[in-house]
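Pasting in a structure now, in structure tokens, and then I'll have a few things to ask.
Residue numbering begins at 1 within each chain, and the chains themselves are lettered A, B, C and D in the order written.
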Amino acid sequence: MNELFLITPIFLPIILGAILFFIPFKNQKQRNAYVITSLILSSVAVWLSAFLVPDNSLTILHFTNELTLSLRLDGAGKIFSCLSATLWPITAIYAFDYMKHEEHHQMFYCFFVMAFGTTMGIAMAENILTMYLFYEMLTLTTIPLVAHGMTMKHNRAARKYMIYSIGGAAFAFAGVVFLIVNGAGTFRLGGNLVTVDNETLALVLYFFAFMGFGVKSAIFPLHGWLPTASVAPTPVTALLHAVAVVKAGAFALIRLTYYAYGTEFLYGSWAHYVVMAFSIFTIVYGSVTALRQKHFKRRLAYSTISNLSYIGFATTLMTPAGLVAAFCHLVFHSVIKIGAFFAAGSVLHNSEREFVPQLEGIGKKMPWTFGFFTVFALALTGIPPFCGFFSKWYIATAAFATDNPLATVGVIALLISALLTAIYMLSPAVKAFFPRENAEIHLDEIKEAKPAMLIPMGICVLLCIVLGLFVRIPVEIIGEVLGI
Amino acid sequence: MEFIKNFPFITIVLSLFCSVICYAFKDKKARFVTYFLLIISSCMSFSVIMYNLFSETGYFAYRMGHYDAPIGNEISAGLLEPFFALLFEIVIFLSITGGYKRLQKDVEESKQRFFYIMINLTHAALMSLCYTNDIYTAYVFIEICTIASCALLMSSKRTRSLVAATRYTIFSLIGSSLVLIGIVLLYSVTGHLLFPNIFETIQALWATGEYTNPLTIALGLIISGLAIKSGMFPFHWWMPDTYGTATPCASGILSGVVSKGYIFLLLKMIYRVIGPQIFLESGINNILLVFGVCGMIVGSVSAIRTSNITFMTAYSSAAQIGYIYMGIGLGTKEALLAALFQIVAHSLTKPMLFLAAGGLSDTVGGKQDFDSLRSSAHYNKPSGIAFAAGALSMVGIPIFAGFVPKMLFSISAFGHGFKTYIVLLALAISTILNVIYFLRTLVNIYSPAIVDIPREKIHFSKIKVFTVVVIVMAIVNLTVGLHSQPIISLFEKGIEIFINIR
Amino acid sequence: MFNMVSSIVAPFICGILMLFAKKINDRKTKVAFAVVMQSIITIFGLLTVFGDEVSTKSFVFIDNLTVGFTADLVAKFFCAIIVIAWLLVTIYAGVYMKHEKNEERFFLFSFLTEGAMLGAAFSDSLVSMYVFYELVTLLSMPLVLHSLTKESVGAAKKYLYYSIAGAFMALFGVFVVGTSAENLGFVAGGTFENVTPLVLTAVFVMCLGFGAKAGLFPLHGWLPTAHPVAPAPASALLSGVIAKAGVLAIIRTVFYTVGAKNIMGTWVQIALLVLSLLTVLMGSMMAYREKIFKKRLAFSTVSQISYVFCGLFLFNEAGMDGALWQIIFHAIVKVGLFLCAGAVIFLYGKTKVEELNGIGKKMPVTFTCFTALSLSLIGIPPMGGFFSKWELATASLDTTAIGALGWIIPVVLLVSALLTAGYLLDISIRAFFRDADDDTTKVKESKAMCVVLVILAVASLLGGIFATHTGNMISSIVSALF
Amino acid sequence: MNFLINYEEVTSMILFAIGFTMLVFSKNIMKKILGLNIMDTGVYLFLASMGYIEDKLTPIVPPTGEVNALDYINPIPAGLVLTGIVVSVSFSALMLALTVRLYKKYRTLNLDEIYEKCSKEDEEE
């Protein structure tokens, strides 16, 4: 199979989504069938291209002679694309049941499917311009999903998301152009930036680009959109704000640092320390704020902020081990957090309760949901043998290996945040299962979630455990495909 | 093939002629005359481009009445001149076809043919601003252009637009008299009216170091005059009223074309009359850079603060023109390229936005504030789509035309020391501001209404032409964005000719 | 091999089975069921203890992250304590839990906790021990909040967060040690040739972290909160046995991973010794000032376990010897004391010390045992507790590496012993020699409880004299280490 | 700089200044238009004075004999002045037309009042 096939996983879902908008479906069943088939087709395309397509570049079109829109599925891209391709259909299944009580599905699913394509585009971009393009596209395709509720609140959330995200991209753009001008636009592990005349400029622009792409991965001063965007329907928050969008940001950071600028250029420069400091601060900040949140989904959102900065921190270690650790946490956290959001969503869906104090004793009624949630909580906290522990392990070992004092501080931050994670993730579980005896609880109308919701959660739980027990395999794969 | 050299002259004369004969017709016929004229002259401009592409110099000068300097006056065409002529013609054509439905509402039945007369005059003026090769012609047609555009503004029934027109007239009067003085100074120093002769004389003078102050003053006067007319930062306050209250077609032409005509003339003055060398030494370029950057920021901020969709679009033109001046201020060939491309992108996008805004406000009975306009995109789908495309292009999303100039600007920004930081920062910030006001509006017009006012659903079968036009505009925008290399290489070739060959 | 594995697995299975015990309506059968299962576990455990040293193949997560079990001496030592204590407590609980609601949950989690404890005891590498250590925390938390009152839930959370905080401090150490050692398996005397400052710090942090469970200052705060609100059997297990998990973890870290020789004479040793002395004193004083019966016992636990640390951190044979003895006796005594307190609550529902006036007449057996146990804890010869204290004192006196601390330790121990006498005998005196200020009718003591208490009391009396096998085991452990 | 030599320039500048100030600062539209004309006059004077070169012939071919083209003054500035005059006239016409329409509508010539009124209208809309 030659690299021309790479077009499929990107444009198939975009086209199918666009078509979806115009098909007049008779009932939900038909539409769901259409959606799931198109998603599965696309995922199959992704897996096929991951395994069969040779690692060659494919130029789709020339903006100008130098600037091309070209694709190439290298190791990093494979990991990210396959991860998303796995989780997308699962979320779709979850969404079918969840979205029953929401309106105008047509538009929702249209963009839901299209976003898949744009995410793939980010994963498969060969040069930074292409990535930038799909990065913007991703923002645009996901705005309607955030604004789905169409109330003023959703409207504002969408606007905030949009402004943060595109604004960040605007700052990153300077760095992008700099790389193109200096002929480092094409991604290669280790970077193509050989010599620059003005090093200060290069580093300043790296910092800009890092923060700019960091917006999507919610780095500290620019994280505001993520909690606000958690007003979106849960499948969206689960998929986009735990996996696709935010991880796209993290992925962009990795591309920028390891594949465009190159670590030997950055290592030890002031920019290196600054960005690392930012990530470390965000780790702690996210957890502390999550602790103060009463709103269940917002709490998860803040925990996402903190966890994304684990990835950021691993990235800023700028060693091969750090790269592996980053991808490790990227994968594991996706699995855990999407599951946690599913759980929160099914609570919201079946009991209309969105605040943690209201969860008192709800575990009796929804044992499965909260059983799963507990697993996710433990995994996120980093209790072995769940997978969350091992990514922490990798990050920490990589950090110590650099014997850079700031990195050690980072590990301490990691553990502090782990403790906080334990507190804010376990307290809902405890509340749910062990209600205080004199607490007034009205659980009569509440029912356990439908299998359509439980199965995706179950899959995630399985993944958490399996990835944890046989962590050797995924890590080896990651190391192998990254060529480390 | 020699006769092609007559085409520039013919287009000008033909459009003047058409403007006269339009008087004889009813509005419908007048419109078709205008169409005819525009089609013919765009064919001519196109053939001129082709001719110059394949002729060995790629440039010719055309002396009217075959008098030699210093008496005769002449027009010249390289590659840029006919290209922009073509661009302006296309934009005017699209604006009219898209906007005439609305025009029939906004302009009194009897006055409509005057509107077309004025359009033809504007067209003639723009052609000659593109082609002119001597300051005399330049001056004359600046004035004609001003008068015509003022008349375009006045044509609308709304008295608000009369007030706006007054303002605009005063501003452009000041501008043109400044230009006139500048021209006179130039003449008095050099004793010539033709660009090439003035250029040589100025070079000689500058080399000797005499008359540097008069030259600088002349340059300053001309630039500030044209800047006022094209709405550079400190002088952009007339823009919102003007563009905001005129009929969409008029605002489209004014913002998309007329201001660009002045800017193109300014470029001619800088590169063909004064010469880039002296321009950079005089330090005026820095002033332009600063004003351009300020314009980008201030224009966008004012756009954010207004709550009227057409005013917002108008302010955004102030911001976009700021980009152009920033490019001119950088003074390198790359920057010039970026500026030219910005002109293209903006002229292709802005009329579309104005038309779309007009279409949207039609659904709520001509209201223009955001609260009323919420969900209007659902009532008038073509306008919604057009506005979306325009907004994204203005924000600079890749694959749209607006992205390319941003790209070129940032590429050209490198290697200017601290200016690099200024330009990059300005680009980033202004992008953010653009996002704030354009995409905010975009989300608004697609989200459900909050005020209940009578709304009419405009099905696109009722506005076929409009739909076609906006779709065409969007497609052109996309193609330019996706495949910009031809235009860029044309510009690169053209700039060489523009600067070097006289 | 089979015995060891099944002694780890069985509790989990029993726990699962307890889930179905909900169906059983008659609580006698329910209790019988639990006791029988517990005794089976105990038998397995003891078989392992008396069996020879075996070890399973270890499951490898990644390079040096492994989970595996081995029944070496220390493992057996703790295993013995765990299973016996659990058996006695279960029997006691069979009676006690009558006046608590949904007891099967209690049994469920007590079984699970036991399994986790055994797992931790038998673990053959730092990581696998860490895994089970975390499990112990999570699974024993429901024991604390059993009554589901506001206080108990709060206390349970406090316990959870303290322990997890400790665990993560430990994890930091695990990270560091893991990066600098190629394998984290337990080897007597440690695997490190020499240590970097970072590793030293890591050890210190780990000791603090694991110390949280054993109530080592400064992370001792949860004990006095958690013990009073937990049901008596739970608190007995917590302070008697579960707290020892911390001790186990520290022994494993210091003696089996990093190696005592690397730490001896460093600032870490001094710091830890000082901390444990602080804890000893503070614990006793707090206990002396405390008015609530179980809370007083909890504070005494804080101080008593730090005796163990004193012994451990001396890093010599005698100290180790004394520490291990202290572990045994404290386990016996503290379980006993808490059960006594439980009995009082069970029969008369009295929780404050001053309510106990003259109660000795009403429940003579209980309070005789109580007195005996107290004497042992204070360390009056020839009670069992005396040996450990004696060992500790002598050990500290003939350690040269720690300078002035060498003679400070005995003094502190003596003072704390006096305080202990103060706060424990005070109760006995109230119980026997004051006459009751209120006339609650005498309720008959429950046989099962008495049996358990008597066993414990006797053990604490005679353990020192006759427990030759224990002596051998301890000495062999010590000899393996030094 | 000797005012007696280039007094035309000085005068034109003064005229220009007067006109400019009127055009910009006076509120009355009529006055603005007047100012406009004065300003332009200043400019034309300046232009004319620049165009005129000492002891050269007027560019009108005499009936007898042919003369070298370089003996004439350049006719272009004169042409420029003429054009300018035309322009300013037409501008005045334009402005006056505007003024009439505005006055019909608002019954005032004060531009500020007109602004106020029409912004009021917009609010009413």
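By our rule, contacts are C-beta pairs under 8 Å (C-beta built on N, C-alpha and C of every residue); 3 or more make two chains touch, one makes a residue touch a chain.
This is a predicted model, so every value here is computed, not measured.
Put simply, the chain closest to the centre of the protein, by Cα centroids, is A.
Work out the mean CA point of chain B and of chain D, and you get 26 Å between them. With centres taken as mean Cα positions, chain B sits 44 Å from chain A. If you average the CA atoms of chain C and of chain D, the two centres end up 104 Å from each other. Contact annotation for chain pairs lists A-B, A-C, B-D, with touch applied as defined.
Against chain A, the residues of chain B that register as touching in their complex are 392, 395-399, 404, 406-407, 410-411, 414, 420-421, 424, 427-429, 431-432, 435-436, 439-440, 443-444, 447-448, 450, 482-485, 488.
Those residues of chain C that touch chain A in the shared complex are 60-62, 65, 67, 127, 130-131, 134, 138, 141-142, 145, 147-150, 153, 156-157, 160-161, 164-165, 168-169, 171-172, 175-176, 178-180, 198. Across the complex, chain A meets chain B through its residues 61-65, 67, 129, 132-133, 136-137, 140, 143, 147, 150, 152, 155, 158-159, 162-163, 166-167, 170-171, 173-174, 177-178, 180-181, 201, 204-205, 208.
Note for the complex: chain D touches chain B at residues 16, 20, 23-24, 29, 32, 36, 39-40, 43, 46-47, 50-51, 69, 74-77, 79-80, 83-84, 87, 90-91, 94-95, 97-98, 101-102, 105-106, 111, 114-115, 118, 121-122, 125. The touching residues of chain B, counted against chain D in their complex, run 70-71, 73, 136, 139-140, 143, 147, 150-151, 154, 159-160, 162-163, 165-166, 169-170, 173-174, 176-177, 180-181, 183-184, 187-188, 191, 193, 367.
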